[in-house]
Amino acid sequence: MALTETEKDWRFRLHEIIYESNTRAGKAFDVGLLIAIFTSIIVVMLDSVESLHHRYGSLFNYLEWAYSILFTIEYILRLMSIKRPISYVISPLGIIDLVALIPSYLSILFVGAQSLLVFRALRLLRVFRIFKLSRFLTEIDFLTIAIKGSLRKISIFLLTVLALTVILGSIMYLVEKRENGFTNIPESIYWAIVTITTVGYGDISPVTPMGKLLASVVMLIGYAIIAVPTGILTHDLAMAAKQRKELPESCPNCGREGHDGDATFCKFCGSALL
Amino acid sequence: MALTETEKDWRFRLHEIIYESNTRAGKAFDVGLLIAIFTSIIVVMLDSVESLHHRYGSLFNYLEWAYSILFTIEYILRLMSIKRPISYVISPLGIIDLVALIPSYLSILFVGAQSLLVFRALRLLRVFRIFKLSRFLTEIDFLTIAIKGSLRKISIFLLTVLALTVILGSIMYLVEKRENGFTNIPESIYWAIVTITTVGYGDISPVTPMGKLLASVVMLIGYAIIAVPTGILTHDLAMAAKQRKELPESCPNCGREGHDGDATFCKFCGSALL
Amino acid sequence: MALTETEKDWRFRLHEIIYESNTRAGKAFDVGLLIAIFTSIIVVMLDSVESLHHRYGSLFNYLEWAYSILFTIEYILRLMSIKRPISYVISPLGIIDLVALIPSYLSILFVGAQSLLVFRALRLLRVFRIFKLSRFLTEIDFLTIAIKGSLRKISIFLLTVLALTVILGSIMYLVEKRENGFTNIPESIYWAIVTITTVGYGDISPVTPMGKLLASVVMLIGYAIIAVPTGILTHDLAMAAKQRKELPESCPNCGREGHDGDATFCKFCGSALL
Amino acid sequence: MALTETEKDWRFRLHEIIYESNTRAGKAFDVGLLIAIFTSIIVVMLDSVESLHHRYGSLFNYLEWAYSILFTIEYILRLMSIKRPISYVISPLGIIDLVALIPSYLSILFVGAQSLLVFRALRLLRVFRIFKLSRFLTEIDFLTIAIKGSLRKISIFLLTVLALTVILGSIMYLVEKRENGFTNIPESIYWAIVTITTVGYGDISPVTPMGKLLASVVMLIGYAIIAVPTGILTHDLAMAAKQRKELPESCPNCGREGHDGDATFCKFCGSALL
């Protein structure tokens, strides 16, 4: 069935409002949505406070349902205003949107499912869509590229740290015995992670002199190796900055510099850039 | 009414002493003021210690009033020695100065307002005025520029960390139950912040194996992402340093390099720099 | 005794599977071994949990022995498939492999030696062999070079930190007395390490005002000097990157740049690079 | 009185052994001294452990006196082998050496002065004298220059952090009341330092929701501003490295590069460098 002109227009306009944010209506929609998400999370938060739940429980319940219906309508509109709805459903944002909806309806069937409403917090990540279209675009893109490049190296670093904590935690389990809080190896590994990351809750801490000596070694290791991810990222930021700048640095014809990273022609004389 | 010569002179000299610190008297005034602010804070601090309050309470009270009167006189002099007093009143330093004065007079009306005297600590930031006029000028200015440039990016980073803590804290609330200290979602988010920043008070800490596993993930995230603000600032410092140096890099006439950042003419041939 | 062709082939193929991982079989062997090591550690971990030990103790015992026999066979195969087995035995990986085997057999003679099975975790470091042969090769090598270069400087840094903690811990022992948890100097040094690395368990913490003042100094020192290892590593990464890049920078014949770090001939004109 | 040749030789040789470490005897003396300092500190440490003091108290006492006499002899020899002893006495190392000696003799007059023996730990810093003469010389010098350059900027940073903790601690004192551990303003400032440096003992921690909110802000500030000293030092290391390299970069005659930082003449053609 072919769409009439009006239908086309209507769908196009809806798409522009919901998916884009370079129009006034689109930006208003995005900001409004973020406020709705933010306030709905506040309601879930406040509802989790026992004293407030006793007093305003039914009000919170009404509000949660109001938000649920609002977000359901938004989800349906999103499906309607796009050509291939399935591409939205299976996109990361689409999955988050769905995951944030389900708990509301689950709570009819199961008691306690309401707590899962906190998954709405994931939708807060939408805030970056607004940033994306502001003038910070290049800066954030640049950061994202550097962080992505570092991610692999930092993952290897975290893996090494994890292997270290397994070994150090296990040794600690042998040194400090069960009666000192190191009740089993997983617990000791948990202690090693708490210590090497310099968090240091103090819920488990060494008691014997030997244990304290080993713990000191773990702490100093953790204190020194924090340099590794920082060094990697700083280095990758510098590399990314260099690459961005090196590409079309000067025009081969007029020699003038200062072209944008994505420029193909010289903005001064119009000849093709490298 | 026109000012007589003497009046003009008198006001000009007062302005020089109070607002500038490049004269001997101006510097002495600034240093004296800082000492007064510092000692007045010490008095407020000591007065908050119960045992000292019982013994020297009335002495502290006299001193606090003496400081209050001193600072009031200083505030009036500041208003008098400037052409448009309103511009000082609404300036950041002016607001701080006023906020630091009000509690003294509020304490006549309300019991307990005296504790607000600690806002005087904000006046300590005046210490940077002295630095400003010393030879550290360029260094601090340079740092300030880089930090300002990073501020926006670091804010986005902090926002992401906050979103992360909302999500992780909420999940933790579902994993660990009320009986383990995670009494409600805001409390759990507080725990997530304590953990991801590697502070780790230990007032709330996971008890269940599942909770400890999740906590380990939070800690490792916090340990790894500390690299981000550091990387950003280090990179921006390098950029700022480069920009400072690049401006008048080579003389357009003789081509020689090595000019100071504030040079306007070439120090080798005297022709105007870019 | 000369080896027959078949024997030679058989040994060569075994060597290829066990020591190399650029063939399909070699990679499968490496991955399989890692899974075996990983699951065997999980078994040791679970066995250390008292409640699980009571229920599945004998199953865990069987599994541990199965893994021990498996790893013994692997060790024997490693010895057989190499020309000079002694070079493997005294290599770091060989020592780790042996250390990981011994506890199994020790546990027949001594009760409790089983806990030493956790040393198998050391074998997890084999995971880097797989990375080594993937395309991350240069990146990790590059990182390793920079970290090795920094290691000496960071060791000096850690030595200074240790000297600092000895001095600060000792002073703290004099300031806070035995009754406040600082029972002796080694204990106080342990506290200083916990504090300067910003771990902060809180198992020992200052009680007197003077002690809290000193502790504040220690904390601020620890907070500020974390910059040193990070600065060193970041700097060394930049140096290593520069060196890598500087080598065959431009072709001596055509002068064009952008050659890979491992290039021997110019990719534009074919003349030999420096 | 003129010195005879033998006396001159004897004094010269003693000076060489005690103050220099480029001869075999000089190095042996330095290493021996470090071992003596190190073991003497171990004795003081062990003596502070109550159970060991009860058993080996008199042995430790003998050892401490033996070390004291040894170090006194060393101090006298140092005074004798130098032309102007006063220049050694007022040098930093000389003051440390004297401060490390005094407690031994004080303990005759005052009970408890023995604990001050721990000041000997300060002498451990002598370890750097040995490093100095090894091939790490340039590296450490380079590091020291960069750290010294950063010191001023990092001091300003620490000053700002301190001002922040005074303000934040004071506000926290108003928010959380005495009954929650924030008994007075100095105590609250101590808490703010514990929190902003991410140490987090947990001996004092916020109880009210408002206090936890404020604490979260303090933690996030501390987590973000750690970037500042790191960024400064990394930047200064890069600057120092650049300066070292820039000086005699290329020969003005033959143009070849790669001269050492301390070169005065070109190592290729012998003409004077800039």
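We call the chains A, B, C and D, going by the order they appear; numbering starts again at 1 in every chain.
FYI, a residue touches a chain if its C-beta (ideal position, glycine included) is under 8 Å from a C-beta of that chain, and two chains touch if they have at least 3 such contacts.
Here the structure is a predicted model, which means the values were calculated and not measured.
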Determine whether chain A and chain B, two copies of the same sequence, contact each other through the same residue numbers or different ones, counting it as same when over half of the numbers at the interface appear on both sides.
-> different
The chain pair with the larger count of contacting C-beta pairs, comparing A-C against A-D, is A-C
Of all other chains, the one whose Cα centre sits farthest from chain D = A
Between chain A and chain D, what is the gap in Å from one C-alpha centre to the other?
-> 42
Using the average of all C-alpha atoms in each chain as its centre, how far is it in Å between chain A and chain C?
-> 30
Scan chain C for residues touching two or more other chains and write them down.
-> 186, 189, 198-202, 222, 226, 230, 232, 234, 238
Name, in rising order, each residue of chain B that touches chain C in their complex.
-> 198-202, 230, 234
Would you mind writing out the residues of chain B in touch with chain D in their complex?
-> 41, 44-45, 48-50, 115-116, 118-119, 121-122, 124-125, 127, 131, 136, 139-140, 143, 146-147, 150, 154, 157-158, 161-162, 186-187, 190, 193-194, 196-203, 222, 226, 229-230, 232-234, 236-238, 241
If you look only at chain A, which of its residues touch chain C in the complex?
-> 152-153, 156, 159, 163, 166-167, 170-171, 173-174, 178, 183-186, 189, 195, 198-202, 205, 209, 212-213, 215-216, 219-220, 222-224, 226-228, 230-232, 234-235, 238-239
